[in-house]
Each structure stands twice: as C-alpha cells, then as structure tokens.
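Read through the structures below before going on.
Shared between the two complexes below is chain A, which pairs with chain B and chain C, respectively.
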Partner chain A sequence: MTALARRSSRLVWGWCVAYTSVTPQPSRERRRDEIRSHLWESERAGLAGHRVAFAALRGALHDLGWVIGRALPALGRSFATPAPYVALAPLFPLQAWLVSALTVGATAHLAEGIGGIGGGATLTLAAVVWMFQRRRR
Partner chain B sequence: MTTREAVTSLPARAYPSHVPRRRAGVLLPIEEEILELGVRRLRDGQPEFYGFAAATELDGDAGRRLTAHGTLYKVLERLERDGLLVSRWEEPEEFDESRPRRRLYRVSDQAEGALRTSRSLQQKASLRPNLAAR
Partner chain C sequence: MQHIFARPKVTYVVLVVAIVGFFALSAVGNSGTDEQNKHSSVGWLGSIGWIAFLLSVLATIVFSVMLLVRTARRRKAAA
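Let's turn to the complex of A and B:
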C-alpha cells in the first residue's frame, strides 16, 4: 500500500467521521462500518489512492444530503426537550457582553437589550417545555 | 410581457437534459444497475453482495470511474427503505476477524417487478415524448 493510498484512506475516513458525527447513533454506526469495510476492501484490491479519494469527493454532496435527512428530524425532536433552550440561554448575555465591549452607542444598546430579554425568555421557554413534558408523562 | 406570458414562455424542462428526474415508478439509472446486479447474483446462486463488490461490478459493467461512496450507500439505503433490497450484517462466524464486517444486501421479491415497471414506464415515455417532458 502506497503512502498516497494510506493518506487518501485516512482522509476519506476523517470525512466520514466528520459528517456522521451529527447523525443519530444507529445511522452513524451503520455508515461508519460500511465505509470502514469499503476502505479496507479498496486497500486490499490495490486501488490507487487518488481514485478512492475522488470517489469520496464525488459523493460528498450525497453525504451531506444524507446527513440533513437524518440530523434535521433529530434536531427538531430535541427542541421538544428543555436541554437546547438551557444551552442557548447563556449565549444571549454573552453576546451582549461581547458586543458592548467592542462597540458603543445604539448597537451596544440593542445587544444589551437582546441579552437581557433573550436569556430570560429562553429559560422561561425551557421551563414551559419541561412542564409540558412532566404533564405528558 | 406580462408575468403570465413570461411564465408560459419558459421551456417545459427546467432541468438540463442529463439530470435524471424522479417519476413515480421510474428508477434512477444507478438504482436499476444495482437491482440488475442483485437479480443476476440471485440467478447465479450467490444472492448476497456488499457495497465495495457492487461498486467494482458496476464500474466494470459501465466502464466508468469508481462509484462515489456517498451515492452508492445512499442509493442502497433508499432501495432497502423502498423494500427492493434487504440487508444484514455478516455474522461473526461468517468472516475472518482480520477484516471489517460487511453489510450484505440481496434483492427482495419485489425487485424484479419494480425493474420491469420502471423499464416499461421509460419505454412508454420515450414513445410519447410529450409525456416525458411533463
């Protein structure tokens, strides 16, 4: 196996790990196992590294389409839990602090306003979602 | 020119002619090739195939570059979802530990029927070009 083929395999594997990392576990494991097997077979068959890399490159758009098809429904479902709202809440005061440190006047004022209202509103939303979840159980 | 006139003057086919468009019952060329391969394997008494074998066989048949990974696995998954392929992981006793396990596919009972339908719809569309352009 040449150094180029090894590098290509590593590159393709890295891409596979990257795009599957945002998909649900069963889809992720299946795709990774299939690509792992495909790369192993490619190496064993002595395919040139650039051919393997080009095959991955040409399928990259389909990979992204596949990710969107799997990750978006899961992301949508996660917003029915309080976790994403709790995670988002600190970002509002953080952006206010950052913007007001870097700018002055109306922009800073606006950022502080959003920071003050946004964090509280997001936490309120988290509480509402949590209460709904409890009532449904 | 009014909006209506502008819209009606647009060509009926907005896609370039080489872009395959999905119509109900019509399979994409790569889907047909995979199902043909599966049917051939079934007749040869070796019904199961895996991704890499399918890719190399398809490339050999069509004399083209290596089939793109993303395209191949997406199509395999779609055919399985549509009930035209069934798949399973290799059992531990079926393979040597030195290599990663393979996902094995084989065509379902519906595959041949789907292939026939797709071909006849394409044939009808080619005989009636106005229908194909719609």
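Let's turn to the complex of A and C:
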C-alpha cells in the first residue's frame, strides 16, 4: 500500500477506516481501496489539501448513509448466529451489578432480577441458535 | 497460553458463560435483606460466586487488552 504524503489525505483516510470498520469485510475492502485510490490520485494531481478535506466533509453524511445501508442488514443477519446473544449476555449481570451498587441497602430493584435471569436466558438463546445452525449444515 | 489467543471466540464464550454462571451463583444465600443474608448457611457459596464473577470480569478486560495489543503488534510487524 502506497503511503499518503499529506496530512489532509491521512485524515480523510483515518475517517474512512473509522466508518468502514463497522461494515462487512467485502464492502469494507472495496470502499477502502476506492477511497485510497482517490486520495492517491488527488495527491498526484496536486490538488490542494483543504479541497480534499472539504470534499470529505461534504461527503460525510453520504458516508454515514452508506454505512447504515451496509451495516444494518448485516447486523440483522447476525441475529441468526449465536454471536450477538453471547455479546449481550454479560451485559445483564453487569447492569444488575451497577444497579445494586447504586441502590445499596434498598429493597432489590426490578433490574437486578432481570440481570440475574437475562444472562442465562440470552445464553440459552445463543445455544439454541447454535444448535439450529449446526443442524442446517 | 497461545491457544487462548489462537481462538479468541471460544475464549470469549467461556468467559461470558463464567460471568453469567458466577453471577447466578452469587445469588445463593444473598437474595434476602442484609440481616437475612448474615444468617444464611450457604452465604459462603454466594460469596465465592461473587468473587469469581468479579475475577471473570477482570479476566475479560485483561484478555481484551492483551488481544488488542497482540493484534496491533502483529499489524506493525507485517507493515
């Protein structure tokens, strides 16, 4: 990969890496290659740094729209795998811990009960999804 | 040691199961008021669960940091 010489190009590249990091790999790589190529070409053409930065700023909303268009369907599809359930499971005990720490001495808060049951329930869901996945293969 | 970094997904699943399981265990003998909990005969089991829960959370944080550092180092070496 060719190094970018100008700070403005590196900044735009950093922004591109940041917003593409939440998208699926094929579209992420395509987008990064495309932007990298544009930046390299603009440097070669001697385009002023502030113009490159301004163009990136104007396109930021479009970039976010692109991310939503790619990431949301992928996020939806991920719920057919155990990964999101495993990621969500520890949040239940952690929130119960936080709530119990904030309500020391008081009667048990509803959130503590949800925290106690939610983790196990989410892990069970992850196991069910995993078994379905295995059966389908 | 290398094995847990070679398959981080499996390691995370084990840690998550530990977090949820130990948190559930911590409720044993600790589900009443403070006064009731003091007189519980199985409170020690809940205390072990609570300590193990805290250690699991700590292990998850340490593992995540180590994984990030290793990935960053590998990327630097490859570049």
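In this text, the second predicted complex is superposed on the first by the 126 of 137 C-alpha atoms of A that agree within 3 Å, B and C clash if a C-alpha of one lies under 4 Å from a C-alpha of the other, contacts with A are read in each partner's own complex, and residues count from 1 in each chain.
Going forward, a residue touches a chain if its C-beta (ideal position, glycine included) is under 8 Å from a C-beta of that chain, and two chains touch if they have at least 3 such contacts.
Keep in mind that this is a model prediction, so the values were computed, not measured.
Looking at the superposed arrangement, the partner reaching more residues of chain A, out of chain B and chain C, is B.
Once the two complexes are overlaid on the shared chain, A:Val12 sits against chain B while remaining clear of chain C. Of the two partner chains, chain B is the only one touched by A:His38; chain C is not. In the superposition on chain A, contact of A:Gly120 is made with chain C only, not with chain B.
When both complexes are overlaid on chain A, the residue A:Pro24 reaches neither chain B nor chain C. By the touch criterion stated above, A:Arg58 is placed in contact with chain B alone, chain C being left untouched. Remark: chain A residues 12, 30-31, 33-38, 40-42, 44-45, 47, 51-52, 54-63, 65-66 touch chain B in the complex.
On the chain A side of its complex with chain C, the touching residues are 83, 86-87, 89-90, 92-94, 96-97, 105, 107-108, 115-116, 119-120, 123. Touching chain A in their complex are the following residues of chain C: 9, 12-13, 15-17, 19-20, 23-24, 27, 31, 33-34, 53, 57, 60.
Contact residues on chain B toward chain A in their complex (touch as defined above): 50-53, 55-56, 65-74, 77, 89, 99-103.
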